[in-house]
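Look for subunit A in each of the two complexes below; its partner is subunit B in the first and subunit C in the second.
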Partner chain A sequence: MFYAQLLVNGLVQGLVIGLAALSITLVFGIARFPNAATGDFMTFGAYAALSAHKATGSIAMGGLAAIIATGVISLLAYLAVFRRLAERSVVALLVASIGIAFFIRAVLGVAFGHSQQVFQVPLSRPYVFGSVRITPLDLQLAAVALAALALVFAILYLTPIGRQMRAVADNRDLARVSGIRPDRVMIALWLLAGSVAGVAGMMLGIKTIVTPEFGWEMLLPAFTAAILGGIGSPVGAVVAGLILGVVQEVSTPLVGFTYKIALAFIIMLAVLLVRPRGLFGRLEGAR
Partner chain B sequence: MTYTRRQFIGTLGATTALIGAPSILRAQSQGTFRIGALCPVTGSGSPFGSGMQKMIIAAAEAVNAAGGAAGRKIEIVSEDTQTNPQAAVLAAKKLIDVNKVQAILGTWSSGVSLAVVPLTNDANIILMNTSGAPALSVPPANAKGLSYRFQATNDRFGRAFAEICEKEGFKRPATMAFNNASGIGNTEGFRKAWEAKGHKVVENVVYEPNQPTYRSELQKVLAANPDVIVTGSYLADTTIIMREWYQSGQPVKWVMPGWAASPDLVKAVGPDVVEGVISVDSVSNENAPSYKAYDEAYRKVTGQPGQSNVYAAMTWDMVHALALAIEAANGTDTAAINAKIREVSNPAGQQVYTYAEAKEALKKGKINFEGASSVLDFDQYGDVTPDFGVFFIEGGQLNRRYVVKI
Partner chain C sequence: MEAYFIAIGIIALIYVILSLGLTLQYGLTGLINFGHVGFFAIGAYTSALLALKGVPLVFSFAAAAALAGLAAWPLGLVSLRLRDDYFAIVTLGFSEVVRIVITSERWLTNGVQGIPGIPRLYEGLGGSAAQLAVLVTVLAVTLVGAWIIRRIAGSPFGRLIEAIRDNEEAVQALGKDPARFKIQVLVVGAALAGIAGAFYAHYITYIVPDQFIPLVTFYVWMAIIMGGVGRVSGAIVGTAILMLFLEGSRFLRDIVPGVSEVDMASVRIGAVGLLLVLFIMYRPQGLMGDYTKR
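After this line comes the complex of A and B, so read on.
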């Protein structure tokens, strides 16, 4: 039962990683570069949610603020920077995204200060199933994460704009020849990627504490999950996030708490050696 | 863009002037002794950093008002460590190479001090810190004996924790430590002192920073059924741990260092969660006249009581001890100053409390400066032994019940 509790702990952790990885993988699949500003989009979402929560006292309003504000800031980043660099190399875009990350972090630091802030949510005793304890907050956060995932997948697979996004991800030139306007697709992409990061940031913020650096520190596990899941694959990102979370926690009786983080990278190395395209990735020809 | 030879030479000239600038600055500073005030103005040390820096400046003003040290004015150059070793190293490099400071004062948090000390050692200048890591006492960090610590070592904190656990009658303590020199220093110091008393520690857990949850770590500690958990932790991780522990519903007491169990923690998690937590911090030398002078200065600059920032009392003392050593050495040679620091601070000698008073007494003979932060007696490692205040969190307030001497 000890392991069952660790499994639950890992699932909760994995959902946050998975959402962040989803945002990274969406951008990589369509805009074709690793967006290092994702962590700071999360931070932005957390502060947006925090401000709305303080003003209205409602977590739902906080979530709405996180989704809208982070979607907008992500779109602004695209319009101001990434669109102009669209024809440049991946490295130029990556470096630009690191610059945007620094910019967002610095602005948040000036606006909100560097000391930690917390969501004042009431703490409640956990539900006990056998010897497994699950807190109501974790259940609510899991529900929010699953709803966000369902919405993203519904947009990707059930709407015309989602179909166009997948078409651009598959083959940009063919999509353009078929009459898909890349501009609209990119706007939809950045709104979606930003909103997902915003939700991930709010979830992490409610579980932990909010500081201007806290999203940046989540970037590494999120990237790991995106690669492990097969870069560009939304399902893969979420599954890989869950795997990372669970493996880290369940391994702790064997490897201890210090090395559980290293374990995530060992798994990633193993996957890349055996299956370089990741769990759900497709092979791509060289361009 | 075309680039003529004339432009090139112009740029070259400007660059040379820029590189040469520090030596020009140095040429102007003959009558001064320049000190770098390297404090955690931002980052997790931000509740203390700006007060620490202001007290370095205020103490320097007090020294200058009394005619300076060895005929020189003290000049302060301020920098921010951001409570981050990388940023601190950059700032220290700038202070040493560009500003040519002759001592660096005020580093907080062990990671920062351990990162800065190789630079001050290489430059052969004095570093005065407020960090706890035991590694700062011994080589390689303190190979040259140029590093002084104004805070209790984590090891001494651990010993104080053991005294408190014995006094409170705890039988089954467990420990949780943040994985760095300071966190592990606290819990290891506790474990050694506790086992020396003939008791056993039921579980030790070391955890990583920046984790979204510490539930598995807590699960392991609580599985050992401790009656008290002793931590070496910081505010951010303690906030998460306390919330998750409260939700677990298993009763246990906590003993924590004061920088973790602070009023900010009460604000973050609410008074119910931290009710009964025992917070331990070094206490200032509150009955000494030097503390009164510090308290006045602190109130004047920040509007807060001096008690709200134990580290500011330490930085106040740093400038005093250093300036008195300069005065006693009658020069600015680091080796000569370093040889005098213990001489002016430790017994025997006439007990003195302010710079002006000490400077006068120094003319007559040996002095013993008693600081605002502690009696300021450095051992062979450059460490001091302050007393520890034991605070109980009751109804959201930190109430000091007693003081422990080790």
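After this line comes the complex of A and C, so read on.
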């Protein structure tokens, strides 16, 4: 029954990883590079939510602030840097994303200080099912994550711009000759990827403590989930995030708390070795 | 003052050795190694721990190089058949895992408390003479390293790895297996980083996991990008600028009142980020790079 509790904890953690992986896989699939600034986008979202929550006392306002602010910062990163590097090699984009990550972290460190900050959320009595305890907060967070996921998938699969994004991910040149304007697609992509990372950051911030480094530390699990799910597959990213979250939690009694991230790395290597295209990816992706 | 310059010189040369490894891996072969600090850490801890057990430093240095190189080998086997960007993620993850392991395995590495009292090189000479001897030794190793890399660049092997960088499919079509050469390059670069780590450990005499954060990797990246990718002269010039930047920021903190060490660390990280972005955007060939190509 102890493991049932870990399973529940893992699912909430998995939703955070899944959202972060979704942000990575969208950018990787459409803009074609692994965005190492995703973790620091999350941190940015967490601080935005924290500030709004302090000012208004409302978690919903915090979430709105995270979505808007992180979407905007992500779009700015695209307009100022990534767009101008679009024709260059993947390493240019990759190094630039590291640079942006460092820059965001530095700005947050100077603006908010390096002390740990927490969301002041009221404690509430957990629901008890047998020996499994679920806090109302976890349920709320899960609801927020699921709502965010539903929205993203609705945009991707039900709207014209979502269809265009998937078309560009599928075949950029074919999309262009079909009359899809790449610029609009990219703007939508970066807004979406940023907002999703912002939500992930806020959730992680509410679950743990916020520091300027805390998003960066999620980068490895998020990349692992994106690769496990198959690069470019939004469904895969979320499913893999949930799997990874549960595996990390359930294995904690065996491997210890500190090796959670190392475990993500081992899983990443195993996936790359055995099935580089991941669970839902296409064949040509990784090699 | 003289002691200060010797100290700066030693640290700068350690960074040059690190940049030489990355020049071989990225500059010549195109391997995006984002985990350089992992090999640096393995070298530092290996040599420090062996030396404290009484192993002569010559052997502990050799072990540092060997172990760092050895760690690179399976990593290369797993990931070098994949696309470049995957390799970048895997190496970044590797260096983080190295840091987690040295933080967690207290029985071996003393965890976050770190390892104090690592023996210095030439301890018998004492004082400034020993410092100077260390400087000369690091310089000699750096020069040998630079010479080897220039030799490699001019050899058939060098032309092959540059061909891998420029067009991997073409190399494959000629019947060569790029992965094999990439693994060799990865191992040699990692061994160089291991030697740099050993010098670092025996010079600083006190190592903790926090000295081996990914920022160090990107200091080295910054150095080779600023200096000019793929050139030994670029690695040296870039490292000189890096040292000016690191020491300058320390100096600045001392004269500007009211700036705490953590704030200065933030400013430093921010400046590294900004410089990486600006150089990539506006001067990708670096200061010493070939101006005729882009």
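As a working rule, the second predicted complex is superposed on the first by the 272 of 287 C-alpha atoms of A that agree within 3 Å, B and C clash if a C-alpha of one lies under 4 Å from a C-alpha of the other, contacts with A are read in each partner's own complex, and residues count from 1 in each chain.
The definition used in the following text is that a contact is a pair of C-beta atoms (placed from the backbone, for glycine too) under 8 Å apart; a residue touches a chain by one contact, two chains touch by 3 or more.
It should be emphasised that the depicted structure is a prediction, and the values quoted were computed from it without experimental measurement.
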Between subunit B and subunit C, positioned on subunit A by superposition, is the outcome a clash or a fit? clash
Mind working out whether A:273 is in touch with subunit B, subunit C, both or neither, as first, second, both or neither? second
Partner chain(s) touched by A:118 [first = subunit B, second = subunit C, both, neither]: first
Once chain A of both complexes is superposed, is A:51 in touch with subunit B (first), subunit C (second), both, or neither? neither
With both complexes superposed on chain A, which partner does A:140 reach: first (subunit B), second (subunit C), both or neither? neither
Based on the superposed arrangement, let me know which partner A:88 touches: subunit B (first), subunit C (second), both, or neither? second
Should A:9 be classified as contacting the first partner (subunit B), the second (subunit C), both, or neither? first
Subunit B versus subunit C as contact partner of A:261, first or second or both or neither: both
Which partner does A:109 contact after superposing on A: first (subunit B), second (subunit C), both, neither? both
Of the stretches 153-161, 207-215 or 225-233 listed for subunit C, the one clashing with subunit B is residues 207-215
What is the shared patch of subunit A, the residues that subunit B and subunit C both contact? 109, 113-114, 256, 258, 261
Sort out for me which residues of subunit A touch subunit C in the complex. 33-34, 36, 81, 84-85, 88, 90-92, 94-96, 98-107, 109-110, 113-114, 212, 219-220, 223-224, 227, 256, 258-259, 261-262, 264-265, 268-269, 272-273, 276, 286-287
Which stretch or stretches of subunit B touch subunit A in the complex? 42-44, 46-47, 179, 205-208, 210, 212-213, 215-217, 219-220, 223, 235-236, 239-240, 243, 246-249, 264, 268-270, 273
Residues of subunit A touching subunit B in their complex? 2, 5-6, 9, 12-13, 16-17, 109, 113-116, 118, 120, 123-126, 133, 135, 137, 204, 207-209, 211, 214, 217-218, 249, 252-253, 256-258, 260-261
Listed in rising order, subunit C residues that touch subunit A in their complex are 26, 30, 32, 34, 78-79, 81-86, 88-90, 92-94, 96-97, 100-101, 103-104, 215, 218, 221, 225, 262-263, 265-277, 280-281, 284
